[in-house]
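Both complexes below contain chain A, partnered by chain B and then by chain C.
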Partner chain A sequence: MNFLTIVVRGLLRRPVRTGLTLVGISIGIAAVVALVGISHGFEASWATGMKVRGTDIVVSNMGNALAPKPFSAEVRDRIGKLPEVAAACSIYADLTSVEDASMMVVSAREWGGFSWQNLKLISGRMPNDGMEDAVVLGQTAAEMLKKKIGDPLQLETKELKVVGIVDGGAMVENGSVILSLELFQKITGNEDRINVIDIRAAPGMSEEAVKQLCDKINAIAPEAKAMVAGEHLGNSQAFRFISAMSWGTSLLAVIVGVLGVMNTMLMTVFERKQEMCILLAIGWKPSRIIRMILWESALLGFLGGIVGVIIGTISVKVLEQLPAIHGMLEPDFNGGLMAVAVVLAVVVGVISGLYPAWRSSRLTPSLAMQG
Partner chain B sequence: MKLETTHASADVASEVVFEAKGLKKEYDDGRVHALRGVNFRITQGEFVVILGPSGCGKTTLLQMLGALAEPSAGILHYRGKSLADLADPASYRAREIGIIFQAFHLLPTFTAVENVQMPMFETDRPAAERTERAVELLKLVALGHRLDHFPSKLSGGEKQRVAIARSLANGPTVLLADEPTGNLDSENSKKILELIIRLRREQNMTLVLVTHDLNIARMATRTIEMKDGLIVADQQVPQTAA
Partner chain C sequence: MKTLLRLIFPALLAVSAHADSASDLAAKLGAIQQNGASVVRLKMEVQGAGKSTLQLQIKQRRSSSSTEVVYQVLWPKDRAGESVLLRKTGDQSATGAIFIPPNTVRTLDSSQMKDSLLGSDLTYDDVVENFFLWKEQAVVGTEVVNRVSCDILESKPGRGQRSNYGSVRTWVDRRRDVPLRVEKYSSSGKLVRRIETTRVVTNDNKQAVPANLTVTGPRQGSVTELNGSSIKHDVSFSDREFAPTGFMEVSAGRSAGN
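Entry: the complex of A and B
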C-alpha cells in the first residue's frame, strides 16, 4: 500500500458523495471547455477565413454591433494608392436573416476583387458579371437555406438566382451568401457604402512591415481601423462581450465546483476527525494529514477535469448537430485548452481543499484516546 | 529522531525511560484537575500497571507519556530528554512508542495488513517492505489468515490483535496500553493480555498498562495506584515465575 492508495480510499469511502461532487466540478469544467472552445473556434475560423481569402489586413469599424459600421467607398481608393498595398477589395458584410435562416453572413464583394479568388466552385458557375442578378452560396449556407442551382433566393426586395455553390475553405466563407458588391449596392440603394476592405500587402512583407502598414492606413483613413487579419475580431466589442460572457459563465460554473469540493472535503474532515486523531496518535505528522486532504481534493479536481473535458467536448459535438446552428460552430478543442481545463480543475481542487486541510491541522492526537 | 541519552554510569537494565516530577494536567481553563502533581520513574523493561477508579487520571497520564497532549505543569522526561521540548513529537510517537487503545481504533476503510502499515509511513521503509513487515507482524499475533479482512469483518479480539501488530510497526521500545481488554469478553481478554505480555518479554519492551482488572496487576512487575489525579500507591510486585 502506498500513499495514493490512502488518498483513493478516502474518496471511495463515500462513493455517492464523491460521484456527485465529481459531477459538480465536471459540469463547471465542461462549461469552460464548451464556451471557451466555441469562442476560440469562432475567432480562429474567422482568422482562417481571412487567410484563405489571402487577406493580410482588414479595414473595418467593429463597433458595438456584430456587423461592422459602414463608411464611404472612397476610402478604398485612398488606401489602394499606397505602394505597400498590392490589392484592395471592398466588401459589404452583413449579418442578417435570409429567407428562413435567422442569421446569415451576406458578403457582397467588389466584382473582380481578390476576395473572389479563393472560392472553389462545387457546382454551377460564378456570376457572369457584377450586375447579373445572381448569388453563389457557400456549401453550408446552401444546406441551411435548402437551395440548389437555379433556385430563386429572396434578398431584401429582390429575387436573385442561385448560380453556384462554392467551397470557401473556411467556416465563415462556407456559411455565407456571396454576391457582387455593385449588385448589392443597387438592391439596397446604398450606393457609396462599404464596411470592410480586405487588403493584400505587397509580396515579401514581414509581419512587422504589415503592422506598420496598418498604422499608415490608419493615418490616411480615420473613418475605419486597419488591423492585421485575425486580430480584428478581438477588437469587436460584440465579440469581446461574447468572450467575456463565456469566461464569466465558466468562472461561475467553476466557483460552484469549488464550493462543491470544499463542502465535500469539509464533511470528510468532520466525519473522519476521529480517524485523523488516531493517525496523529500513531505517529503521523500533521503535515501528512494535510497532504492527504489536499491530494484527495486535487484528485477530485483532476478526475472532474477529465470528465468535464469529455462532457464539454461531447455536448458541443451534439450542439453542432442541431439543425438551427449546424455549420455555424467550428469549436476549437485543441490540446492546449483541454490541458488548461484539467490543470484548472486540479487547481480548483487544491484551493477547495485548503480550508478543510487547515481545519484538520487543528486536531490533536489526544482526542483519539477519548473515544 | 535522535534521542541523546546520558546514562554513562547506569547499566541498560536500570536505564530510566520515563521520569515525571510534579506532573500536572488541567482541562477547561483549570476547572478540571486531571493530574495534580505526580512523580515517578519508570526504567527499561518494567511492566507497570496503572490502577484506579474511573476519572482518576489514568488515561491522561498515558497521554502525557505518549506525547499526545502537553502537561500543564511539571517535568516529564523520556530517556533524559524533556518531552515538552521535542522538536518532532510525531516522530517520537511513530518510532519510540506503541499505543494500544481500549476501542481498538482501527481505520475502517483499510484492511488488517493496511492498518498495520499506517505508522510505517513516517519511516523511509519502501512500500514492499512495509507490506512484508505488516504480514510478519500479523503472523506474530496469530492473524496470518486475516490479512485482507476489513475491521468490520473481524471479532473484537481479532481487532485488538491487529491494533497490537500496528503498535509494533516501527519496533518501539515502549508500549502504552489504555484498558486494552476493556471491550473484550473474559476469554479474549485473557488471550490478548497473554499476547501483550509475551511480546513485551520477547521484544524487551517497557510496558505501561492501564486497567481495572486486579488479576492483571498480579502479572506486572510494578503497580501504580491513582486517585483523584494523584499517585496513592506505587509498589513492586514480588516476582514469581511469570
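Entry: the complex of A and C
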C-alpha cells in the first residue's frame, strides 16, 4: 500500500461525509466561477464591442453611474483635429427602459460615423438619413422587445420605426437599440450633448503611441477621460463595484468551504487517532502524518474544485436559457479562470488542513494503547 | 446659560433638540422635493387583477410655494398622449385637469384629488402634496429598513392645512437624507398607503434619490411599481406646458443651457 492509497482510503472511510464536504467546497468554487465568469464576460464583451467597431480609444466620463455623463459635442471637434486621430465618432449611450423592457442600451451614433460600419444587416435596411424617424435593433434587442421590421418603437417622446435588425458582432451591440445621434439628441432635448467619443488612431500606431495619444487627448479635453478601448469599463466605479461584489460573494462562499473541509479533517484526525498512533509506532515520522492530512485535504479541495467548475459552468449555461436573462449574459469561462478556481480550491483545502494536521502532529505512539 | 438650563431642565432641552431636528429634517426633505424644474422618465407597472405597464414622462416645476406637475403617457400606443396636469399653491387644495386623446379635457377639482393617478395605487394628491412642509413634524423613533438605520419622521397637517391623510410617517436614511419608506394614515390612524424604495441613486444634482418605488394602497391585491429611467434638472419649460391648452402636447424637456 503506497502513500497515495492511504490518502485516498482515508477519504473513502466516510464516503457520505466526504461527499457532503465535497458539495460544500464545490458550491463555493461554483460561485467563484459563475460570478467572476459573468463579470469578466461583461467586460470582455464591451472590449469585443469596441474591437468590432474598430475603436482604439474611448473618450467618456464614467462616474459611478452605469451610463457615462454627458459633455459638450464640441469636444469631438477638438479631438478630431489631432493629427494622430484617423477618425472620431460621437455617441450618446444611455441605459433606459424601452417600452416594457426594463433596461436596454440605447446607442445613438453620429450619422456617417465609423461606429455604424461594423453593423451587419440581418434583415431590413439602415436608416436613409440621420433625421429619419428610424432605429435598427441588435438581434437580441429585437427578441427582447418582440419587434420585427416595420414595427413601431416608442423611444422617449417619439414613435420610431424599426427599419433593420443587425448583428453587431458582440453581446452589447446585439442588445442595443441603435439610431442616429442627431435624431436622439432631438427627441431627448439633448442637443449638442454626447457622452462617448470613439476614436480610431492613425494606422500603424503602436500600443505605446496609442497610450500617448490618450494623454494628449486628456490634455485638450479635460471634460472626459480618454482610455485605450477595453480598459475604459474597468474605470467605471459601477463596474468596479459589481466586480468587487462578485469577488466578495465568492470569497464568502469559499470561507464556508474552508470551514467545511476543516471540520471534516478535524473529525478525521479525532476518529483515526488510533490508526495514526499505530503508524507512528511502526516508524512513520510526525511530518509524514502531517503530509498525509494535508494531502487528504488538498485532494478534497482539488476534487471540489473540479466539481465546482463543472457546476458553475452548467449553472450559468442554464441561467442563460431563462427567458428573463436570455441574451443578456456572455460569460467568459476561459482556461485561466478554470485554473485559478481549481488552484484556489486546492489552496483552500491545504489551508483547511493546517490545523487538523498540527493536531495530528501532537499524537504519540503511546496514545494507541489508551484506545 | 445653556449649561445651567441643561442642569435644571435636561429633559426639556432634550425634547426641544428633538423637535428642532425634526423640523430641520422636514424642511431639508421638503426643500429637496421642491427643487425647481425637472423632467423624469419612468416605467410604471400596476399589478392587480391584470398587469399594465406605462412609460411616463413627468414634467414638474416645484418651488417653496407652488407645485405644477404634468404626467404624460408615452407608451403603450393606445394610451399615448394621455396626460394629467396637477397644481397646488401653498396650503390651498390641489386642482388639475386630465387630457384623453384625441380631444377630451376634464377638469379635476379638489374633491377628486383622492382618485387614482392613471390607474395606479397613487392618488393625485400623493403627487402634489408635500407633507414635509406641514406644520407638525416630530421624530418618533428609529428603525432599520433594508439594513439602513432610519429616523422615523411623523408629519401631521397643521391648522389651515388640508389633507386626505391624518398623518404620514417617513423612514429617513439620515446619512443620505433620502426617504426609504413612507406610510400614510387616515385620521383614524388606519394605514392607507405604503411607499417603499429599495434602490437609491445619485441624480444629476448629486442628490441621493429613490430610483424605484413600490406602492401598496387600499385596493386589495394591487401593487404599483415605479422604476425611474432618467431625471434631468434645470429644465426650461414654457408656461404653456403647464396650462390646459398646452399639456396635451408631448414634448421632451429641454435643458436650460440648450
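The rule we apply is simple: the second predicted complex is superposed on the first by the 371 of 371 C-alpha atoms of A that agree within 3 Å, B and C clash if a C-alpha of one lies under 4 Å from a C-alpha of the other, contacts with A are read in each partner's own complex, and residues count from 1 in each chain.
Please note the rule applied: contacts are C-beta pairs under 8 Å (C-beta built on N, C-alpha and C of every residue); 3 or more make two chains touch, one makes a residue touch a chain.
Computed from a predicted structure; not experimentally measured.
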{"item": "First, second, both or neither for A:188, with chain B first and chain C second", "value": "second"}
{"item": "Touched partner set for A:335, first chain B, second chain C, both or neither", "value": "neither"}
{"item": "Partner chain in contact with A:288 - chain B first, chain C second, else both or neither", "value": "first"}
{"item": "Partner chain(s) touched by A:204 [first = chain B, second = chain C, both, neither]", "value": "neither"}
{"item": "First (chain B), second (chain C), both or neither touched by A:150", "value": "neither"}
{"item": "More chain A residues in contact [chain B versus chain C]", "value": "B"}
{"item": "Partner chain(s) touched by A:280 [first = chain B, second = chain C, both, neither]", "value": "first"}
{"item": "Contacts of A:100 with chain B and chain C, given as first, second, both or neither", "value": "second"}
{"item": "Partner chain in contact with A:83 - chain B first, chain C second, else both or neither", "value": "neither"}
{"item": "Complex contacts: residues of chain B adjacent to chain A", "value": "59, 62-63, 66, 68-69, 88, 90-91, 93-95, 99, 101, 103, 105, 107-110, 113-114, 117-119, 121-122, 127, 130-131, 166-167, 169-170, 178"}
{"item": "Residue ranges of chain A in contact with chain B within the complex", "value": "1-3, 5-6, 9-10, 12-13, 274-275, 278-286, 288, 364-366, 368-371"}
{"item": "Touch list for chain A against partner chain C, complex", "value": "64-65, 94, 96-97, 99-100, 102, 152, 154, 156-157, 159, 187-193"}
{"item": "Residues of chain C defined as touching chain A within the complex", "value": "39, 41-43, 53, 55, 57, 74-77, 80, 201-202, 227, 229-230, 232, 235, 250-255, 258"}
